[in-house]
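Shared between the two complexes below is subunit A, which has subunit B as its partner in the first and subunit C in the second.
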Partner chain A sequence: MILKICDLRVYYFLRDKVVRAIDKIDLEVPEGVVFGIVGESGSGKSTLAHAIIRLIPPPGRIVSGSIFFRDLDLVKLSEKELNKIRGNRITMIPQDPISSFNPTVRIGDQLLDVAIHKLGLSRREAAKIIIEKLKLVRMPSPEINMRKYPHELSGGMLQRAAIAMALLPDPDLIIADEPTTALDVTIQAAILKLIRDLVDDLKKTVILITHNMGIVAETCDKIAVMYAGQIVELGDVYDMLSEPLHPYTRALIMAVPRADREIERLEPLVGEPPSLSDIPRGCRFHPRCRLAKPICKREEPPLRYLDSKRAVRCWLYV
Partner chain B sequence: MRLLFYIARRIAWLFFVIFIVVTITFILSHVVPSNPALIWAGPHATKQEIEKAIKELGLDKPLIVQYLIYWKNFLTGNWGVSIHTRRPVIEDIKTYLPATMELAFFAMFVGTTLGVLLGLISGVKYNSVIDHVCRIVSLEFIAVPMFWLGIMLQLVLAYKLHLLPLTGRYDPELAAATGFHTITGFVLLDSLLEGNIPMFIDALKHILLPGLTLATGPFAIVLRVTRASVLEVLGRDYVRHALSYGLPRKVIMFKYVLRNALSPILTVIGLEFGYVLSGNFVVEEVFEWPGLGRYVFESILNSDYPAILGSVTVIAIIYVIVNLIVDIVYALVNPKVRY
Partner chain C sequence: MSEVILRLENVRKIFTIKREFLRKLNLVAVDNVTLEVRYGETLALVGESGCGKSTTGLLSIRLLKPDSGRIIFKGIDITDLGEGDLRKYRRHMGIVFQNPYSSLNPRMTVFDIVAEPLKIQKLKDRSEIRKRVLEALQSVGLPREILDRYPHELSGGQRQRVAIARALVTHPIYVVLDEPTASLDVSIQASILNLLKDLKKTYGLSYLYISHDLGTVRYIADRVSVMYAGRIVEIADKHSLFNRPLHPYTKALLNSVPIAEPGRRIKNKHILEGEPPLVTDDYVGCRFAERCPYADSRCFKETPPLEEVQKNHYVACWRYTT
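And now, the complex of A and B:
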């Protein structure tokens, strides 16, 4: 296991209420896979990504739990120790590459910042490695594009540069937070292929956060489905897609249009996810669930492992 | 290349603004109610003498000819003779301008450096004690009139505690003793270049009180603008991305936060320079600083219109040049501006 999260809770303490963005999350990420975290907006998936590198903006706070990266508990590390992990052993691929690069500094110089300050390389060595990585992510004419400012490059090129940046320190874990959401559909596939290659060719581990079931099917090995700040189901991607267990996962899959099957109508999921400051009693999904039983309204189901790989948080499987 | 085009465009614009300034001063000189010929000729002048003055000043020629003559005189440095000093205006300006510029640059340097640094700290440490202190102090500085602050500083630091000199620009006895002789008119610069350290320290002591009085305005405004701008930039994705890479704090604060927060700060620095130039009029009077402000003040009291117009033109041109420099720095900092 490269990452082991136990009983993680991240709450935002607002003036008159507490938003429980992440509540009692347990998760294990094995090495050398693309691990997908799927959920609607507001399900807490991005908060989870930022919690791993402990960049929760105030008034948010990690309330309890542990995040073991190999044998280090990231929750207990000091800021100084943490900065040896961030940008060295764990790197990020941002959601919107256009807004994630400093608009006043050349792309190459921003990559240099990481190479010089994080890896302690000389300018010349750093430049060499940067060109190497830019070629690896198939950036066209890297020597020229390095000298450009962010607004002079397309979103797809910037995302390639961001992936090159994520690869610079030769990290163990790469967290990609909705890396294709801001890109054109035509570029999405290329970027996803690139992320897939990180695992297949470079043996990296990637946590891929997305709301898109299509991306999951194409790119991930394992997935965890999040709902209202909790994991409701996790398992290998093939099992999950061919035989979804949790009613929420089923609803998500039913809502994806398919080209290979005759479906008369897409089945929409009614209602909205609950507000994280006002979470329903019992199972968090029960107000939208067609199969809800009386117990679902009273008690919260535990995340139950059906076998070594598959777990689901639902009273139907207890 | 783009940057050069941008600078060329800004310089063309500068000439246009100077053209407008000169034209406006010409118009002003003809709409002022007092009759320049009367003042020129003196209080007991006869009719003949007044007519002679009108001829000498070219006031009998058609307006358009006067305008062209005005331009010719402006370009050849023939800016007329001051009525109260009876010296060519351009010579007077050469004498008094360096003192004013020295004071203005000193005030701008101190005010903006401290303002930007404290504004950055204030923004980063949002809602902390230091943030509150900075906000209250800057508010005080904006609210307090400059002449009052100047007098209070004189009263406490110079008159009561004898820490700093009360007035003036340097100690003439010390200047004579060390054989100090100014070349550029900038005492701080010259004494430093000559390696005349006692003189430099003396000049620094003299400039401290008027300089700090004048610096309060730009300090307060720059601090507030920096704080607001930094707060906005801190929420941007690229700052968060830099934080996620654990880059050193200094790099994030200066290269990622301050650099992007700089555009509005530069704009107010340019505007504040105008504020400092006009603030000079008050501060120079309070501290008996031998600069252009006092010269203009005297000129206004004497309805000395060649002196007033000459000084106003020079101050306007300096203001425009400073803003040109601000625009160029703006483009250097922000590559998007160059288009």
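And now, the complex of A and C:
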């Protein structure tokens, strides 16, 4: 396991309420896979991504739990120790590359800055490694594009530059937070293929955060589905898609219109996700669940493993 | 009455942008677009960002004026009408924008938002206005209790329902839907799509459905037009377009869509390289040629016209294959 998260809780302490952004997260990410974390807005998927590298902005904080990266508990590390891991062994691909680059500095200089100051390379070494990574991400005409400012590059090219930057320290784990949301589908496909190559060819591990079941299906090896701050189901992608167990996972798959087949009538989920400051008692999904039983209203179901790979948080499977 | 409610004829829209000092660039956003929306149908307009699909939508209800070409609404040429004359026709038109967070005025109540088109139409009778607003809210499944609420008090799904109610309050027959579910979560998206389908049936509406999402297009459209770099490259009924696409771009687009089907993997896909060109007014050749695996020398020199190659199936390509 490259990453092992136990009972992780991240709460935001607002003046008049506590927002339980993620709650009781248990997750193991094996080495050399694309691990997908799927959920709708407010499900806590981005908070989870940021918690892994301990970038939770106040008034939020990690309330309890552990995040083991190999044998180091990231929750317990000092900021100084953490900085040897963050941006080094673990890097991030942003959701919106245009806002993750400094608009007033040429792209190439921003990459150089990271290579020289964060990684301590000489200018010559830095330039060599940057060109190498740009080739890896198939950046067209790298010498020309590196002299451009962020606004002069297309979204797809900027995302390639951001991926090159994430690869500079030769990290073990890369967290990609909705890396293609801002991109068109043809460009999205190219970026997802590139992310897949990072795992298949370079043996990296990628955590891919997304709201799109299609992306998950085509790119990930394993996935976890999040709802209202918790993982409700996890397993191998093929199994999860061919036989989704949790009623929410099922509903999520059923609610998506398909480009590959005719659907007579979509079945929308009733209601809306709960507010994280006012979470329903019992199972968090029960107010929207067609199969809810009396126990679902009273007690929160545990995330229970059905076999070594598949786990579900639902009373139907206990 | 003809069966066509809206017809765009060779419509062209150019945006002039300043590049450097005294240098200008004429970008062709919409280039010789000809299309028809028929009574009671949903015509989808699909393409990637910057392809001109939203501009086409705005042109179709004359929120923009074309540089050339004609816009014919219900048999009447509205291309050159002034605002006063246009108002007579706007009553029959509606538009729903992508983002219900920015398309609703945060300082207006739901009632005022939905009533505004009626006031623009100079409807004065207050009880009539109230009746029409309540009717519109009811048709989109919103309770009357939200009349006095402000947009920030509503969820994304409710806001988009308010935007739809506003578009419908004047009883239009033609509605432009510009990515109406793009900013919504999938579980909310499904209910909005179902609502739009139901409203079309109940009120006999015709839609121009603008989207980059081929899944929603397949669900809601009757016919589909595909746009690339300002031009229509293919139009066909939904069945032909999804099952037998002809244009290489349509094929690539369909192939790129990620689908939640077990066993479908990105690794096995052929990926389209490159990006769409910036089209200036001196552009020649097929806009897709640079990225097209089938392009030959003619494609770079001559712009292919949109031609009917099978019954009701139009394609603009020199090299299409069936």
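As a convention for this text, the second predicted complex is superposed on the first by the 314 of 318 C-alpha atoms of A that agree within 3 Å, B and C clash if a C-alpha of one lies under 4 Å from a C-alpha of the other, contacts with A are read in each partner's own complex, and residues count from 1 in each chain.
Here is the rule we use: a residue touches a chain if its C-beta (ideal position, glycine included) is under 8 Å from a C-beta of that chain, and two chains touch if they have at least 3 such contacts.
Treat the numbers as computed from the prediction; the structure is a model and nothing was measured.
In the three-chain model built by superposing on subunit A, subunit B and subunit C fit together without any clash.
Counting residues of subunit A touched by each partner, subunit B versus subunit C, the larger count belongs to C. Contact with subunit B, but none with subunit C, is seen for A:Y149 once the two complexes are overlaid on the shared chain. Touch criterion met: A:P103 reaches subunit B, while subunit C stays clear of it. In the superposition on chain A, A:R86 makes contact with subunit B only, not with subunit C. Contacts of A:P94 after superposition: subunit B is touched, whereas subunit C is not reached. Contacts of A:R265 after superposition: subunit C is touched, whereas subunit B is not reached. Subunit B and subunit C, viewed from the C-alpha centre of subunit A in the overlaid structures, lie at an angle of 80 degrees when rounded to the nearest 10. Of the two partner chains, neither subunit B nor subunit C is touched by A:G120. For the three-chain overlay built from the shared chain A, the minimum Cα spacing from subunit B to subunit C equals 5 Å.
Residues 50, 53, 55, 82-88, 91-92, 94-96, 99-105, 113-114, 117-118, 149, 151, 165 of subunit A are the ones touching subunit B in the complex. Interface residues of subunit B, counted against subunit A in their complex, comprise 236-238, 240-248, 251, 255-256, 259-260, 333-336. Partner subunit C is touched in their complex by these residues of subunit A: 40-41, 154, 156-157, 184-190, 192-193, 196, 200, 211-219, 237-238, 241-242, 251-253, 255-263, 265-269, 272-273.
Within the complex formed with subunit A, the subunit C residues making contact are 48-49, 155, 157, 185-191, 193-194, 212-220, 242, 252-267, 269, 271-273, 275.
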